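Have a look at the structure below, then the notes.
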Amino acid sequence: MDIATVDYWANAGGSYLHRASPTAKLMAAALGLAAVIVVFNLFLVATVFVLVVALAWRAGIPVRKLILISLYPGVFALLFAMAQFHGDFIIPGTTIAKAVGAASVVVLLIATTPYPRLFAALRPVLPGFIVEVLYVTYRSVFILLGVLSDALIAVRLRGGFTGRALGRRLQGAAVALAVATLRSFEISERTYAVMQMRGYSGRISGEASGGLHLRDVPLVGAAAAVAGQAFLFRYEWRALNPFSWAPFAAALLVLAVAMLVPRAAVAGGRERPVSEMLRGDAQ
Amino acid sequence: MSESVDEHKGEAVGPAVGERNSAVEPSAAAVQDSFPKAALAASSDGDGRFAARINCVRHRYEDGSKVELCGLEFAVERGQRVAVLGPNGSGKTTLFFHLVGILRPSEGAVSVLGVDPAHDFAKVRQRIGVVLQNVDEQLLAPTVWDDVSFSPRQYGLPRGEVKRLTEQALERIGIGHLRDKVPHYLSGGEKRKVAIAGALVMEPELLILDEPFEGLDPHARQQVLDLLNRLVAERGMTLITSTHDVNLVPEMADDVYVLAQGGHIVLHGTPAEVFAHAEVLQASNIEPPVLARLFEDLTRRTGVHLPMPASLEEAADRLAQIIGTERPGAQRAGQDQWGSPPLR
Amino acid sequence: MSHLHVPDGILPLWLILVGWLATVLMLAVAMHALRGRERARTVPQIGIVSALLIAAMSTEIVPIAYHANLTVLAGIILGPAGGVVAAFAVNLILALFGHGGITVVGLNTVVIGSETVLGYVLFYLFVRLLPRHVGVAAGMATVITLFLSTSLSIGIIALSQINPAEARDMGSLNPHTLSFSNPFKEGVLANRIVTPEQEGGASSTLSLKRFAEAMYALGAIGWTLESLLTGFLVSFVARVRPSLLRQPILGAALAGGDG
């Protein structure tokens, strides 16, 4: 499932982006999102998207899969885009592009930062109780995905999904979910018991909220620049719109450079692209 | 070690407390009268003799099924290594859940380190380490280091102390290289080692492990076993485990309890004593260890009394003595129980 | 399909902020309701139910078109306070890997949080009326809850009044002339960051109607499936572990005093 894949990318990678502090990445992602949301120009949205792809490439994230995941909100944007269709394709197209662009920024964030580290970085802005719930939810997702997939396999093996009939699929899914639901309660009771036994007093993770480091400056700086130019184009659009192709061209250049410069040159060879690891691992 | 034991069920053949004869289940009434609930509950920690006691506990599950941990008394002395054997569904896990206070008995009393665990586990939890059967549910924290350091952090220990205890636990189990890993990407055996490290980190007096060797390869199993035995010997830690692997029992337990279906405690004694009762074991779907069966068979065939060996080493010694002279400098089978190389 | 699958960049900023504000308020109320020593106990409960929802929403039964929601079930099991917290956790985690917009997490939490609260209230109401038909009570509660939440979603979209004219005003590329449009020809510009002034409202109402029709039509199918599923799950739980259902009245009605 997507969440498992993305989690693997986040944990397995060792690129610059992976090693950047979560707080810096959150800031950069927020700036990137702002850039996408603020503009109405297809070129400018595409600029952000291309830069994301470039960063993903250098971080070793499988680009094709990342784009696929980012396209998912685009499908829903289609509904809204159709509502906006009044004869030309550009505006609906921009709507869809914005959805995909925004998603790509967020997915890049989560593909290079494991969820728990993000939660730790969010500690200053979220109540502690909520952060604890997020941690347990995260762990439980993986436990439950195992339970659910086992149950689905069992249903499938017993012919629960035979035939194309939707009714059959739903029945099978319902049984699997029932099993998962029941196991959930048992798991939560035992988890609580274990937490109590081990002395739980309110803080599952020892990770510090983390701050910014000097090496994060290029990342946040670049994101700020992108956001800055987006705001500039938005408010000075009368003058600047004819030149909106320029940021897009620059982004394409960045992408070309990113793809051409060999990755092993970075970080003294310690960096091992995630896509390479995925090819190597039996999946 | 008496070998002539009355096996008739229903007769009051309960041993006195402390007597080291193996025993078979007496009538329920006899047991219940001898250990009044009040006395058990009131036993303070000043009575340093027992780490854990269960007095005919009955538990009724929500779906109606019942487990009755009755029959022989379950009493674990401090510094003992106790193993609980029984078929699936016999109530082993129920027993463990009662020991740690997850389950509350409908009838009967439980005492662990002098308190009733269902109500007061928090008073003694710093001194008890627990690993339940399903390790996935016990690995709560994002990384291995976070999980092993969980207890020290929760108890508010200073950072330096947390670091020291955690590093010590990681090194002891030999998983220092896993410290930054994420739990759901570990193998089953690695997860179990992490859970055990998490249980040992606070240097507990009592360690309760439900199926501690599940998922471990033979080498890892021996490592963990040796570590546990060393902790018992050096620090007087009490160990309560359950296992399916009967062959390990002689090496890992001084005292063995056997449960039958429904939770009845039908046998209690040293491994040698318990494994001599083949029929009772069979009724509980337990096969005695290979070595026990071999030596019992030899005893029957030759008429020479050959007591059950505690380890492969001991078995080889005895057989070598019987067969004839040992070749000087010959390599010994198995591993020395106490002198195995430290884990790191 | 009550989960607002509204991607980022579509709704106006003021609405997004209102959503976040409402979420903060809901969470504050929920946490206040959960305060006390027993709050630690709710952490694994809420966590596992949130995980259940995430797992269910990630398992596409009919790809893209339908996935199980289980929000009403969450409300029934966790109660309204836990349900709201779960709604937030689920939305945040899903949004972070691209399943739904990150800016709309606020609005989504409002919608899904309301589902858990409504589901809880309606279920325990109906089950008093139909003590022997727990599944039916759950199913009915689900249908009504989802209808109301879908209407809420449509209302939120209606508030946003997506206006194509504004995009042109902002100077986007005109494909027919391959030039950038001049706003003075088309209408007066409004500052979209702060004020939601609507121009040409008539043109967008048409779109809204189309949108609403689609949502209700798709929704009806979704509600039916979801209510069947929820009814099945709740009756299953009631049979096997009645103590999980929250209110003692229910326990007494079902199992004859077995609490």
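By letter and in written order, the chains are A, B and C; residue numbering begins at 1 in each of them.
Note that in this section a residue touches a chain if its C-beta (ideal position, glycine included) is under 8 Å from a C-beta of that chain, and two chains touch if they have at least 3 such contacts.
Small disclaimer: the values here were computed from a predicted structure and weren't measured.
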item: Pairwise touch network: line, ring, star, complete, or other; value: complete
item: Pair of chains with maximal C-beta contact number; value: A-C
item: Chain closest to the assembly centre - both centres taken as Cα means; value: A
item: Between chain B and chain A, distance of the C-alpha-averaged centres to the nearest whole Å; value: 46
item: Distance between chain centroids, defined by C-alpha means - chain A, chain C (Å); value: 21
item: Where chain B and chain C are represented by their mean Cα positions, the distance between them in whole Å; value: 50
item: Contacts with 2+ other chains: residues of chain B; value: none
item: Residues of chain A touching at least two other chains; value: 135-136, 138-139, 143, 187, 189, 191, 195, 200, 202
item: Residues of chain C touching at least two other chains; value: 240-241
item: Interface residues, chain A side, partner chain B - complex; value: 8, 11, 114, 116-117, 135-136, 138-139, 142-143, 146, 187, 189-191, 193-207
item: Contact footprint of chain A on chain B as seen in their complex; value: 100-102, 121-122, 125-126, 128, 130, 132, 134, 136-143, 145-146, 149-151, 153-156, 162, 182-185, 198
item: Residues of chain B that touch chain C when the two form their complex; value: 62-63
item: Residue ranges of chain A touching chain C (in the complex, touch as defined); value: 1-3, 6, 33, 36-37, 40-43, 45, 69-70, 72-77, 79-80, 82-84, 86, 88-91, 94-95, 98-104, 106-107, 109-110, 115, 118, 127, 129-130, 132-141, 143-145, 148, 152, 166, 169-170, 173-174, 177-178, 180-182, 184-185, 187-189, 191-192, 195, 200, 202, 234, 237-238, 241-242, 244
item: Touching residues on chain C, where the partner in the complex is chain A; value: 5-10, 13, 27, 31, 34, 39-41, 43-52, 54-56, 58-59, 61-62, 64, 68, 70, 73, 85-86, 88-90, 92-93, 95-103, 162, 164, 167-168, 170-176, 180, 203-204, 207-208, 210-211, 214, 225, 228-229, 232-233, 236-237, 240-241, 244
